[in-house]
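Take a look at the structure set out below.
Chain lettering (A, B, C and D) follows the sequence in which the chains are written, and residue indices restart at 1 in each chain.
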Amino acid sequence: MASKLVAVVAGVGPGTGAAIARRFAAKYPIVLLARNPDNFKSLVSEINERGGKAIGISTDISSASSVQSAFGKIKEEFGNDVGLAAAVFNASGKFLKKPFLELTEEEYLSEYVVAGKGAFLFSQATLPLLLKSTERNPNHPPTLIFTGATASVKGSPQFSSFANGKFALRALSQSLAREFYPKGVHVAHAIIDGVIDIPKTKEWLKDAGPDAKINPDAIADSYWHLHTQPRSTFTQEIDIRPWVEKW
Amino acid sequence: MASKLVAVVAGVGPGTGAAIARRFAAKYPIVLLARNPDNFKSLVSEINERGGKAIGISTDISSASSVQSAFGKIKEEFGNDVGLAAAVFNASGKFLKKPFLELTEEEYLSEYVVAGKGAFLFSQATLPLLLKSTERNPNHPPTLIFTGATASVKGSPQFSSFANGKFALRALSQSLAREFYPKGVHVAHAIIDGVIDIPKTKEWLKDAGPDAKINPDAIADSYWHLHTQPRSTFTQEIDIRPWVEKW
Amino acid sequence: MASKLVAVVAGVGPGTGAAIARRFAAKYPIVLLARNPDNFKSLVSEINERGGKAIGISTDISSASSVQSAFGKIKEEFGNDVGLAAAVFNASGKFLKKPFLELTEEEYLSEYVVAGKGAFLFSQATLPLLLKSTERNPNHPPTLIFTGATASVKGSPQFSSFANGKFALRALSQSLAREFYPKGVHVAHAIIDGVIDIPKTKEWLKDAGPDAKINPDAIADSYWHLHTQPRSTFTQEIDIRPWVEKW
Amino acid sequence: MASKLVAVVAGVGPGTGAAIARRFAAKYPIVLLARNPDNFKSLVSEINERGGKAIGISTDISSASSVQSAFGKIKEEFGNDVGLAAAVFNASGKFLKKPFLELTEEEYLSEYVVAGKGAFLFSQATLPLLLKSTERNPNHPPTLIFTGATASVKGSPQFSSFANGKFALRALSQSLAREFYPKGVHVAHAIIDGVIDIPKTKEWLKDAGPDAKINPDAIADSYWHLHTQPRSTFTQEIDIRPWVEKW
């Protein structure tokens, strides 16, 4: 009997992570990682009630032992020969805007702890399971996707902490793409350039007209599209922004 | 009664253009533009026989009068109030590799004649028809896609002519995106970084293993995906390359 | 007796071109190319009166025969074995801001005629003379510099014509760098991102405070610095902008 | 009496750092920071013997207390009102090439500890002293330069650790440029794309012909040129590579 093929999403809140999870849950059992279980509890219920399969694991993505423990639980749940169809790194630190000279060391490192160290731990945990799946799902090669931001390609004033982490994440995505494409794993990076339409941003851009905020479900559709690309035709980077965004 | 909504592809040969045409023909009547009718005749028949609707128009994309004539025929065929759901500029000049000092002026300009002047004429002809469609197809905003290449972002030695045209095309795609996004038209650019698997390249990369060449149908799937993005969530640029490509 | 080693600047008006000419005239006899002789007459006098050596040649940089004639005159003046120490392409078309659908074909092509075709003609005329100088001036390898703009790397709305030409110019500079670096010619590109302080811009940015416009003499200093780099240590691209510029 | 205006270089070994120090020591008293005093001892002697003024301070650039202690010593030596004319961050971690899945967490973070955390600490320590100098040296605005690498703009296979740190450093340089340009501090980033000619690389590229390695003195000349740019005409980024480098 074929081993299980599942998807995992790190950084699941009420926005993009949840939309991605729903989208991939239509095809694969899904594992949701977030530090705070409140961020995935209702989503896990929702997916399971709809006939999908989801589990949530409280995980500190920047802690090696916490990540190790999470992937131990995944194997307990789905078997030691579990493979990954897709892994999405959607975690972010605090979106911090502050004059450079007022930043504490901890504040400056706060995005890197997630986008640097966390992405490293997540990639090291998922790549072996993605590599195991290259033969099992030939039409949809195993896919590792990183969520970036405007700050992935532009260091704006007072955003040194955020840009520092997001640039580092993009570097990782490129290096992994060049190393793991030839092994059959699709590694991609998305530059989300705009405000995402989630509960937290409800009051933002109210005067910007309709559809001025990015639809998380549409991001999820694009991530799913990346997942469906055959290995002859991989996209490494996409940008995503609303029609009214200046850039 | 609603007016017709059609798609148009410029630069249809036996490769990417044909694949894109087939993909969009599943949903829209399709117009194929190519200088040599041999490049679209069998495809037109194929699409019409399958129950789609296709017409081919012999067009010199770098001639204002030829482009004007082509769009006159489109209106004759589909009505004066025809709108465009999608327009794809897939034309290319000669893929010329030559030491710079051996190039004639005509050779140097040969890619620009298509990617510069031709893309200008195509964009001026299609944008008014795309703008007419923003209300008619709200889920799939009208889409203008340009096909680029490695040379769109890198000027390689002995490829000055090709890069000169492809950089110019990318500039156009960015400027149009920034001008027409807020008017509801999705403008995108694709960097095709690798050899496409078409009859002409049959003997290329024979030792590179399976799937070393880009699948035109998969390019078409990505173009279709771009077309399906809502205006809140537009992608302006994607890259596409095979898993074994060095870059 | 050693042959002459001269410098040539295309696109000399009262701004950057003149400043570059003055800077290089301190070391080399200098040739000034501009369509309108009024643009170089007083500068030629000024340099010659200061003890330098300058000639001006009225040249349409986008006309093959005009460029050929200009370089014929250079050989008449400095001998058939004249070599180039430096060649600077500083010509620009009309800085045109206009809605895309209002552009005529001629307007769209107006920047490309200079930055595309003109730069091609200038490069083909100068590179053979630069190649002749690689042994004569070992500490300052022969240098070919292209002046770009913000629009070299960003296609802004309503600037499609300008960006189209400037992107194409940047492509040329990259392709030539990769082909001619190994032959000993230094090819560089400068992104001038801001308003240059010249008579034409006297009324611009009046409220932006001191030094809000780029100093042409400082551009010239940077071009001279590029010229002094040894072949082990070439810079291909620099950006230049005022301290108060947003970007 | 005017207060002292000095320069500081972090990351001084027998290569680029030493060349930069010599170049800036011709004009300013110079402070050399390196973890291992053996890396600056002879250079300090050399500069002082030639009539310059140099001090070396053993500093762990990634330790807040060590950096704080170093800048305490600088004030002891040059007075509490010391200002910085220039600060150069030239430190690097270990240039590590290793398959991603074989990296330990410590190895992955090894470049970031320097290029991320170290650059943060250095910038926070130097920017207040650079800001103090904007009026004192109007022709040569205070300058903060970061040394990058190929890996600053390209994540190559098996170089995830190096690229991760170098991308982060570039992000910092951009964010600081956009925040501190308007305050009068010139922030720049150099992409050193090639092998530098230092004792450690003596045996490298032996068959690549003459001048195949970057000359550290020429890098220093370019850094000095950046320092001499007026605030109307700042360069934020330069690339530097040998004539025979492929890129």
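The rule is short, and it goes like this: a residue touches a chain if its C-beta (ideal position, glycine included) is under 8 Å from a C-beta of that chain, and two chains touch if they have at least 3 such contacts.
In UniProt terms, the chains line up like this: A, B, C, D = NAD(P)-binding protein.
Since the model is a prediction, treat every value here as computed from it, not as a measurement.
Colleague: On a C-alpha centroid basis, what's the spacing between chain A (NAD(P)-binding protein) and chain D (NAD(P)-binding protein), in Å?
Modeller: Comparing mean C-alpha positions, chain D (NAD(P)-binding protein) is 34 Å from chain A (NAD(P)-binding protein).
Colleague: Cα centroid separation between chain C (NAD(P)-binding protein) and chain D (NAD(P)-binding protein), in whole Å?
Modeller: From the centre of chain C (NAD(P)-binding protein) to the centre of chain D (NAD(P)-binding protein) is 31 Å.
Colleague: Would you mind pulling out the distance in Å between where the CA atoms of chain B (NAD(P)-binding protein) average out and where those of chain D (NAD(P)-binding protein) do?
Modeller: Distance between chain centres, rounded to whole Å: 46 Å.
Colleague: Got the chain B (NAD(P)-binding protein) residues that touch at least 2 other chains?
Modeller: Touching at least two other chains: 178.
Colleague: Have a look at which chains touch which and call the overall pattern line, ring, star, complete or other.
Modeller: Contact map by chain: ring.
Colleague: Go through the chains and record each pair that touches.
Modeller: The complete list of chain pairs in contact reads A-B, A-D, B-C, C-D.
Colleague: Quick one: which bits of chain A (NAD(P)-binding protein) touch chain D (NAD(P)-binding protein) in the complex? Just the residue numbers, please.
Modeller: Going by the criterion above, the answer is residues 64, 99-101, 103, 105, 108-109, 112, 116-117, 120-121, 123-124, 127-128, 151, 154-160, 163-168, 170-180.
Colleague: Touching chain D (NAD(P)-binding protein) in the complex: which residues of chain C (NAD(P)-binding protein)?
Modeller: It comes out as residues 141, 178, 181-182, 184, 186, 197, 211-215, 218-219, 221-222, 225, 228-247.
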